[in-house]
Structure formats: C-alpha cells, structure tokens
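Below: a set of structures, written as structure tokens.
In the two complexes below, subunit A is the common chain; its partner is subunit B in one and subunit C in the other.
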Partner chain A sequence: MPHATARERRTRRRGLRRRFTARDLAVIGVLLGFAILLDLFVIWGPTVASITLSFSSWDGLSDLNWVGGDNYDTLAGGDYPPFWPAVRNNLLWIAFLGLVATPFGLLLAVVIDRGVRFSRFYQSTIYLPVVLSLAVVGFIAQLVFSRDQGALNAILGNQDNPTDWLGDRDLNIWMVLLAAGWRHTGYVMILYLAGLKAVAPELKEAAAIDGANERQTFLRVVFPTMRPVNVVVLVITIIESLRAFDIVYAINKGRNGLELLSVLVTDNIIGEASRIGFGSAIAVVLLTVSLGFIVTYLVQEMRGEERR
Partner chain B sequence: MTADIPTTAGPRPGTAAPAGKPDRPAAKRPRRGRFGVHIFLGGVSLAFLAPLLLAVYASLRPYEETAEHGYFSLPRSLSFDYYRQAFSDSEMSKYFINSIIIAVPGVLVVLFLASFVAFVVARLRIRGGLFLLILFTAGNLLPQQVIVTPLYVMFNRIELPYWMSESMLLYDSYWAVILVNVGFQMGFCVFVLANFMRALPNEILEAAVVDGAGVWTRYWRIVLPLCRPALAALGTLQFTWMYNDFLWALVFISDGDKLPITSALNNLRGQFFTDYNLLAAGSVLVALPTIVVFLLLQRHFIAGLTLGSTKG
Partner chain C sequence: MSRRSLLRGAALGAGAVTLPALLAACGSGPGGDGNTVTMGSNASDEVPRKALQDVLDAFEKKSGKTVEVNTVDHNTFQENINRYLQGRPDDVFTWFAGYRMQFFAERGLLAEISDLWKGFDGFSDALKDQSTGADGKQYFVPMYYYPWAVFYRKSVFEQGGYEIPETFDQYTALARQMQKEGLVPFAFGDKDGWPAMGTFDYLNMRANGYDFHKSLMAGEESWTDPRVREVFDLWRGLMPYHDEGANGRTWQEAAQSLALKKTGMGVFGLPLPGQQFSEADREDLDFFPFPEITPEHGRDAVEAPIDGYLMSSKAKNEEAARELLKYLATPAAEETYLKSDPNNVAVHSGADTSSYGPLQKKAAELVSGAKQISQFLDRDTRPDFASTVMIKAFQDFIDDPDDIDGLLSGIEAQKKTIFTEGQE
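This part shows the complex of A and B:
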C-alpha cells in the first residue's frame, strides 16, 4: 500500500492494537522476544561488558579493580611490545586486501562479465578458496611456503640457500597476506559480478553513443552506479581485515611477526595470564576502528529502507 | 575503439554460430582479445587451484619422500595411507560428527528465528522495525574478539544440568558454540531475509489478512514457503560458515573430544614434530564437505552472498 493517505495511515496506526489478536501478540512476543534476548545476550551485552571491563585490571577471579585508562596507557606507551606490531599488521592487512586483492577481484569480475566461453568454470575455480575455512588456508599456506619442502622454494630453485617464507619475521606477514588475498579475491569477484549484472545495459549503450571508450564507460558510468556494491565490498574488506585470526593462528598462533589485534585479545584470555581487563582494552580498540565502518555501511543500507 | 559488447553478447558454450551465417564485424574483432582473456583467466584459475592441488598431492605421498625431495617433485609412491591414519588414529570422523552436531541445529535455529524477525520487520508495520533491523545487522559486523572475553567469563558461570553438559557449565559444551553461532549469524540472515520478504507481492498477504489469518499462519504458511529460495541460499552459506568456524570452538570448548573438525585440525600437529603430509590429508578432509556443498549448490551459495549486497 504505497499510496496511503495521511488519514488512512492514522487509522492504521490507531488500529494497531486491533490488528493483532491476543494470540498474535503472544507469538510475536515469544519469538521476537527470544531473538532480541539472544542478540542482547550474545552480542550487545558482551560488547558493553568489554568496554566496561577494559577500565579494570580483572583477571577473572579476584574482585573487580578499576584502573581507569591504565590499560590504554600501557597499550599506547609501548609497555606491551606486541601491540604496535599488531596494529601495523592489521593496517597492512587492510591495505593489501583493499589495494591489491579487491581491485584484482574487480578486474576478474569485469573480464568475466564481458562474456567469455567457460566463464562458469573460471568463476567457480576462482571462487573455490572462499568456501575453505581460514584455518585450512593457513595449513595449505604452510605446504607452499615451508622452508625445506615447500613448493615455492622448489619452483624458485633455491634449495641451497632456502628462504624461510613463514619463519622470517620480516617476510612472513606478506606470505600470509597472499594467502588471505587468495581467499578474498574470489569473494569480491562474486559480489562485483552480481553488481555488474544489475547495471542497466542502456547506460553503457548511452555512454558508447556519446563516444565514451570502454575505460571511460567503466570508470565514469558503470563503477559509480555500483555504489551499493562498492560500499559492501569496502566494509567487507575492512571488517575481514580486522577480524583476521584463523590463518595466522593456524600457522604459528600469531607470533614471531604475525601478531594481530585479534590474536592478542585471544591470548590474553585463554593464555595462562588471563588478563581479562587488558584483553578487553585491545578489543575496544578493534571495536572503535570497526564502528566507523559499520555506521557507514548501515547509513548506506538503511537510507534505502526508509524510502520503502 | 568502439567496444560495444553487451554483457550477454558472448556466445554461450555449446551454441556456436551457424557456419553459413556471416559473422558480424563486431563479433570478429574481439577474437584476438579473447585469446588473451582466456590465457589470463586460465592462468589465474590455475594459480588459484594450485595450492589445493598441492595439498591433495602432498597428502598422497609419504613423509620420507617429500622430506627428501620436497612437495614439488615427481611421485615415487602414492597411497591413501594418510587418510586412513587421519580416520583411524586421529578419529577425524568423531570430530566431523561434532561439527554436524553444531552446524545443523545452528543453521535450523538461525533460519527459523531470523526469518521470523525479518517477517516482523518487513511485513508487520510495527514501530521500531528499522531500529530492530539495525540492531541485528550491526551485531553481525562486529569483530568476534569484541564479544569473546565477556562471553568466556559468562559461560564459565552459567551452570547447566549434567544431561545437557558434562562439564555442568555452559562453557565447554556444544550449547555454547551453537548459541554464539546463532546469535552472531542472525544479523546477516535477518538482513537478507528482510530484503527478500519486502519484494514479495502484497496481494497474497492482504488476502490472508482478509481471511482472518493470524500472524503465525501468515508467517508459517504463506511467507516462509515463498522464501524457499532465500532460505536455501542462506542455509547453504550458513552451514559452510558454521562448519568452517574456528574461533568459537577454540575459545569455548576445552575438552579435545568435543572439538569440531576445523579446530581439531590443530591436533594433527604433533608436540615436537609435525607431519605436514598428514596435516595436508586432514586439510583436504576438512575442506571436502564444503567444496562438495559448493559445487552441488553453487547457485544457492552465490545467491546467498549477493542477496545481501544488492537490493532485491
């Protein structure tokens, strides 16, 4: 009923009570209520708790002891050595996925979308790594990059002086990024393939008639019209980068050059130290960074909702 | 250069143009370019498959051989010994069942709850619908580590009767992992399903209201059957995600016997020595179900992802 007049709308609102019988309200109350409670219990409650605990020095057993911003001071001041390397690695992760893997996925989508033979085959193979668990990706990376037996050293033929791709702390993050990009590219490709299909062909034809060449058509017409997909891809890229955990954990538990914020949080709770307050402070750093992008995404998505 | 190639212009596989028909010049020009495209796409596909093929290849060869000659060498003997070993010594089948115990109820519950929430948000004009949608969607975008610490503490304090959990706690039980998986994935499902349900024709539901159908009937008998394609897509996607999950089980389960298969893979790593060929066999076994699901249900899989990104 898109064209409801103001009066109709008013009566509808007044009739809300009557619209639902007691049984209806019970069904809504129980099912919706349960879903909301679960969401609050599993997601939002813990989020608030993380923020609160980050101002304490709690170890999980003793009494809560509020320490103000001490945990954050420790992080910023460099008294916790793995913190800044982890921040650097997370930023590298965003940069690599955003500047290398994502454009590559877009390129593949554009090439496949132009309609070549066997496109289904290409599409499936490139997408295949996405269905793998990141832990499996981590283990496979070890087969490729291992120093003594790995395929990469064999292909490069440097058996006499082998490079320890995953052991060298200046090198290993790049190899892990390659593995992560392997998986990310296909994901981006699929999203853009759907986006490209949704672009009206008339737009491209009109641009061609106006004398735009293919590159101009893509950059000035097609790419901007895919704005919703661009936002989704941007957010997915950043959120995935901030969530990255499984690959490095499968390789070496995120040590020796592979520190990530997510690993530090996990280490501080399931490690022997059990520094819950401190781990929460790192989690809040993650939360703060991701929140900006989550809001961007929601504004983009919900803008459409309100118009409905 | 005029390159007015519409997306659907490429000849479909198996429908070559009839020989007698003169080729349009536009169809002829890209041919050389097409050759390059095939080399490019073929190369990328091969590069993307190579690590997987290497894993399969490594898993078929004995450790002594690859230790001496490396993974990238000609085979001298091939066998399925590592798979046998993974199943018998490492009891991979047990962990596989654990994964099913977690993923199947998880998917069913999340689809049920999320579809009802989506129905309320998209189809019943209740106040705060948009707020609910934001609440659920945003929850799915948080990094897992933001919520993991308080959940760990909470689960260690919630007691369960023995028949529900041998540990007598929510911690170290399947319940914990299922609960978190459901809660965490609900946002994505609500978002996708709400988009899908909005696109359903109004008339059917209005007719049901006139007939006096209650909320439950409208949801269960009318909307849900119409959502079958979206539910299939989401079910496929969610099964893969829950099956692939690594972190929740790692943090919330301490009893090694209860680990799902993805997390149990770490157990194939020895304390002092790791037989990477065994690990490769394990990786292939873990990856196999998801690859099979993907190849069989590819359409649903991709539909699930793209339903969330392009508005229907």
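This part shows the complex of A and C:
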C-alpha cells in the first residue's frame, strides 16, 4: 500500500492539475485574487501614484500642475540643500551597519558560541536593545549625548567647554550611527548565534581532521554553510539602513546634519507643508536606491540557484 | 520593497486614509437638528483643554445649544489641517490668525463673518487686520495671544547692576558686560528649528519695519535684498553672546539655563520660560520689549501669535456656529478661558484683567500699545516655506554665521520654487 500510494498520488495530482473543478477555480480565484488585489492596491498602486505625482506640483488643496522633471532638477541642482546630505547619510548608514555593526555582531556571536564564561548573560545584555524601538533608542541617545544635561559629558567632566555630541553637525551622525549600531549588533548576533548552532559539528571535525586551522575552518567551512543566515542578515542590514527614520526623528526631527531621505519625504508630504509632488520625487529617489539593492540581490540569488 | 510599502503605508495609511476618516467621522455627528454645533479643537493639553471646555459650558448654558468638541492632538491637528478642511470638517475649529488663516480663506475653505465683525467691539485695528483675509473680509475670531519679548531674572539684573536696554547699542553693550563678568548673555536653543525665528523676526521688524516683514514673508521681497543682509549682519554681531551649541539645545533647556542663572536673558514667548521656572522663582521672571534699532520703526511691532476660531465653509449648522463665534468674541468668554489658562493674555479690551499676574499685566500692556502685531515667522508665511526652508537656513546660520551671502541666495532660490508652486 505505501509504495503504491506514492505513485498513485503523483498521478492523481497530475490529473488534477489538468482539470480544475469550478470549485477549485473559485477557491484559487479568491485566494490568489485577494492577494493580487492587495498587492496591486497596497504596493503597486501607491508606487505608480508616487512616480506619477513626482512630475507634478501639488499642495493637496489647489489644482494639480504638471511640471515635468522640475522636481528632479531642483533636487539634483542643489536648490534643495538637505537633499545631498540626506543621500550621503543614507549611504553612510548602509556602510556603517554593513561594515562595522554586522561584522561586530558576527564576532560576538562566534565568541559567545564558543562558550565564554557568563555567555548567557552577555547574550541577553547584547540582545536587550533589539526589543527597544528606534524611537526609544533615539530618546536614550539624547539622555546620554545631550550637551548640557547628558550623561556622557557629566562623566567626562568637561563642563567648561562641553562637546556638543548631537548639535555639532560633523559629529552627530556618528553618535546616531553608534546608537543605531548598538541595536543592530544585537540583532545580527542573535541571528548568527542561531545560524552557528545549526552548523553540524561533523563539518568542523572533518575540517580539523583535514588539517584546517581555526580561521580556515570558520572562513571556508562554517561561514559558507550559514549562507541562508548571511542572506537574511544582508537583507536586514540594507532594509534597516534605508528605512532609518525614527531615531533621527526622535533626536532632532532629522535636521542639522541628521538628514535622511525618509525624513525629507515625510517633511515634504505629511504635515502642513504638503509639497506632495516634490516629496514624491524624493520618494522616487529612495525607491530607485532601494531597487538598486533589491535587483542586485535578486540577480545574485537567481545565479546562485542556477549554479546549484 | 519593504521600504516602499513602509513609506507609503505611513503616508497613505496613517496620513491620508485613517486620520481624515477619523476626523471626518468626528465631524459627521448630529448636526442637522439645529441645536448642535461641532467644534474641532487642537487644545489637546490638559490646561487649554479644560479652559476651552469651561467656555463652551458657559455658552451651552446661555444659549441652550449643545457643542460637541472633537479634540485632536495639537501637532496632528496642525499637520492634517489640509485634509481635514477638505474632508468633513467641524462647524467651528481652532486655528491661528494671519497668513496661516488667509491661505485657507483664499481657497474657499472658510466661511466669511464680516457681518459678525460689524457687531464686535473691543478689538484693536491690529487685531482686525490679523483676522482679515487677503480679500478684505473677516474670517477669524481672536481669543488670546502670547507676546514674545526678552526675558530675564530680576535678581540677576539687580545683582549685576544691569539696566534694561532701550536701544540695540545698549543691548549689545549689556551683552558684552555680562560676558565679561562670566555670564552667558543670551539663552538660546534652536534644536526644534523654530525658536530662532523669534529673534530673526524682531531684528527684521526693528531694522526694516513691520511692512517689510510682511512682504518678505509673503514672498514679495527678495531674500538677497541688502535689508535682509543687514538683519543677518546684526544677528551675526550678537552671535558670540549667544549660548554655544544652540542647534543641540531645546528651548526648554535654554529656559532652564535662564532659571539657573547661567544665562542673562533670552528671547521667548510669554508662556514658555515660565513653565521651566519653579513656583518660587516665577516671581523673579520679568521681560522687556526687544530694543529699538532705528528710531523710524522704534518698538512699534510686537510679535504676538494670536489663537482663535474659524468657521468652515462646509459648516452644517451655520446659524448655531455663528452664535457660538459671536459668544467667543465676548469679554466674558475670554475671562472664562483665561481663568483656567492664565499663561496667555486676552485680546478683548473689555476683558477683566484684575485676576492677571504681574507678568500677564505687563504683557497685556505690551500688546495693547503695539502699532502692529506680527504672528511669528512660521505663521506669517507659507507653512512649506517655513518648515522645509527657513528651519534649515537658521540652523545653518547658527552653525556658520559667516556665509551670509551663500545662505541668502540659497533661501531666495528655494523661495522662488516654493512660491511659484502654489500658483496656477
């Protein structure tokens, strides 16, 4: 019976695929149709709408004017001073989280996985910030870094000429990245801890027997084995960088050196300003940047699938 | 795609769909029965909320009508005002005088109340001016204002033997003296972007007069004009006397430095510094009007934002709404309001001032003696210009006061884009 059923089931399934009953079609139609509608409505509709609006000038009240590429000219030509700093900060964010916070999280995961003393304690301490929302992290950052009343300046004790950690526009982005990285590191660490636990110990033993040293074992065997986790971490890092918003908004509404594209979109569209066309143009720039990363990632993924 | 959906989710979900729906739902209550007026209120803080409720209770008792209040968080109300007015707004709602009101009047979203104004008394011409749209008709019923001035601690001035400066030269000399004696002359915080506007407005109105302020704000004058340049030059001269690191400091922290006697004086709006002073120290708080720069303009203008009420052009119960507005323009209404919210000053000359504290009395004198009343930079100009251009410009200036020409040509270029955007 068990042997026969497998084949039977397969043939039956093929048969089914050819002839859907009306009920099947209805079920598929409803289930798939609903998802497609939702997708069109929530994702593609707004995307197309904001691309369209980006060629207009509209305050939400008066009539809509088509202005062609004027909004983009304003952005690129430097007539909107916060734009380029925002682009720079977004890229800086990706670089910092990707090249500093993420590797650091990996390092912590490896160290904890090897079983240092009090590893559970470290694990929970480092993971703790992840449960805080970025807005709360921003709030904490203010308590620590405020020039006149912050904890850091109190500890450093330079009351006469205190460093303005969050007000100095050459400095504040780094303080914010530090705070964002503090949270990101914990997140990455916990993902890699799970990944490391899933690596079969036999692989490491085999590598050891073949004479690989620790470093080689990690780089050539363990790290590649964790590919699924690496992909997740990479995606999370990029998403976190591009959607960064709450932390700078909590600190100073994303001004004075803390400009981000997401903040500029919000400033222009939401609120009384209502420069909807112009804000949409900034949103489209953000979309393009995101698409760049997504497309690169998808292409890589598909190539990887083919090779396998 | 996640970034995208998040963004759109925020903009469309929270902003465009939910809130107007919520606000509209509020506005769609009973209204056709002729006895109920709906009122949209931004008085979300405890004190003003109760004050407004007291006024409306008194109105209900007097008229036999019911007022349904829909209170929305202050900032949310402000940010959603466009969508609110286009949706189903309440009959009467709280708003600001001046350009911010005219903007909506021009777009036909407000109901004209010129005939009601004919029956109003006790409002100065400056007040009437601020309640009038660009078309010369009245739309606004003023309730109270809170003047801006230079605040200081009496004990600090006594101890240092400082005199109240009347002219700009005396002002600068006083700052120099304070600095020499180890006191930071000006408390200053501009982290939120708007507090610096108060100083700019005063410098501009003292040097160039109210009319120039008004036309500059309306986008009719060029920001590269030598008169604007002079304002920034004057300000740059004062910069070394301002507390350093203003871009990282909130106005609350700045007011606290004044309370702690770390700084000597600061430009604030009336209710602001008081909130940061302890009960005992409040007696010690005083202010003087911003000093004169040229005799031609003297100290004519006072910056005193006015809050009040408007009627929507879509009001469902016009009769009752007009009755409510009429009541809100009486001294009785203002007295009731200020009894619960003593941080402001009544606009009506007939309002009883005997319950005022000394600071309130002085503030009332200051505004009643004003030849012109300005509203504050972000209320006197387009909101998009104030929030997306000027906030950054002032923070840039604070960061580097030396590149005035570059700053001004940047402002002018952005002004041209924004002020042409709204025109068809």
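Assume the second predicted complex is superposed on the first by the 247 of 308 C-alpha atoms of A that agree within 3 Å, B and C clash if a C-alpha of one lies under 4 Å from a C-alpha of the other, contacts with A are read in each partner's own complex, and residues count from 1 in each chain.
As a convention for this text, a contact is a pair of C-beta atoms (placed from the backbone, for glycine too) under 8 Å apart; a residue touches a chain by one contact, two chains touch by 3 or more.
Quick caveat, the model's predicted, so the values are computed rather than measured.
Participant: On the A-aligned overlay, A:21 touches which partner chain: subunit B = first, subunit C = second, or both, or neither?
Facilitator: Only subunit B is touched by A:21; subunit C is not.
Participant: Check the residue A:201 against both partner chains and state whether it touches subunit B (first), subunit C (second), both, or neither.
Facilitator: first
Participant: Would you mind checking which one, subunit B or subunit C, touches more residues on subunit A?
Facilitator: After superposition, B is the partner touching more of subunit A.
Participant: Does the superposition put A:65 against subunit B (first), subunit C (second), both, or neither?
Facilitator: A:65 contacts subunit C only, not subunit B.
Participant: Is A:82 contacted by the first partner subunit B, the second partner subunit C, both or neither?
Facilitator: second
Participant: Which partner chains sit in contact with A:237 here, subunit B, subunit C, both or neither? Use first/second/both/neither.
Facilitator: Neither partner.
Participant: Could you tell me if A:266 is touching subunit B, subunit C, both of them or neither one (first, second, both, neither)?
Facilitator: both
Participant: Quick check for you: in the superposed arrangement, does A:74 touch first (subunit B), second (subunit C), both or neither?
Facilitator: second
Participant: Figure out whether A:255 sits in contact with subunit B (first) or subunit C (second), or with both, or with neither.
Facilitator: In the superposition, A:255 contacts subunit C only.
Participant: Looking at A:302, would you say it contacts subunit B, subunit C, both, or neither? Reply first, second, both or neither.
Facilitator: first
Participant: Which parts of subunit A are in contact with subunit B and also with subunit C?
Facilitator: 42-43, 46-47, 50, 60, 146, 148-149, 239, 242-243, 262, 265-266, 268-270, 283, 286-287, 290, 294
Participant: For the complex, give me every residue of subunit B touching subunit A.
Facilitator: 1-11, 13, 34, 37-38, 40-42, 44-45, 48-49, 51-52, 54-55, 58, 66-67, 70-73, 113-114, 116-117, 120, 124-126, 130, 132-139, 141-154, 156, 179-180, 182-184, 186-187, 191, 198, 202, 214-216, 219, 240, 243-247, 250-251, 262-263, 265-266, 276, 279-280, 282-283, 286-287, 290-291, 293-295, 298, 301-302, 305-306, 308-311
Participant: Please give the residue numbers of subunit A that touch subunit B in the complex, ascending.
Facilitator: Residues 1, 12, 16, 20-21, 23-24, 27-28, 31-32, 34-36, 38-39, 41-47, 49-50, 53, 60, 108, 111-122, 124-129, 131-136, 139-144, 146, 148-151, 153-155, 159, 182, 185-187, 190-191, 194-198, 201, 204-205, 208, 213-214, 228-229, 232-233, 235, 239, 242-243, 245-246, 249-250, 261-262, 265-266, 268-270, 276, 279-280, 282-284, 286-287, 290, 293-294, 297-298, 301-302, 304-306, 308.
Participant: Of all residues in subunit C, which touch subunit A in the complex?
Facilitator: The contact residues of subunit C facing subunit A are 1-12, 15, 78-79, 81-83, 85-86, 107, 109, 191-193, 244-249, 253, 257, 383-384, 387-388, 391-392, 395-396, 399, 410, 413-414, 417-418, 421-422, 424.
Participant: Quick check on the complex: what are the subunit A residues that touch subunit C?
Facilitator: 42-43, 46-47, 50, 57, 59-63, 65, 74, 79-82, 146-149, 162, 164-169, 172, 239, 242-243, 252-253, 255-256, 262, 265-275, 277-278, 283, 286-287, 290, 294
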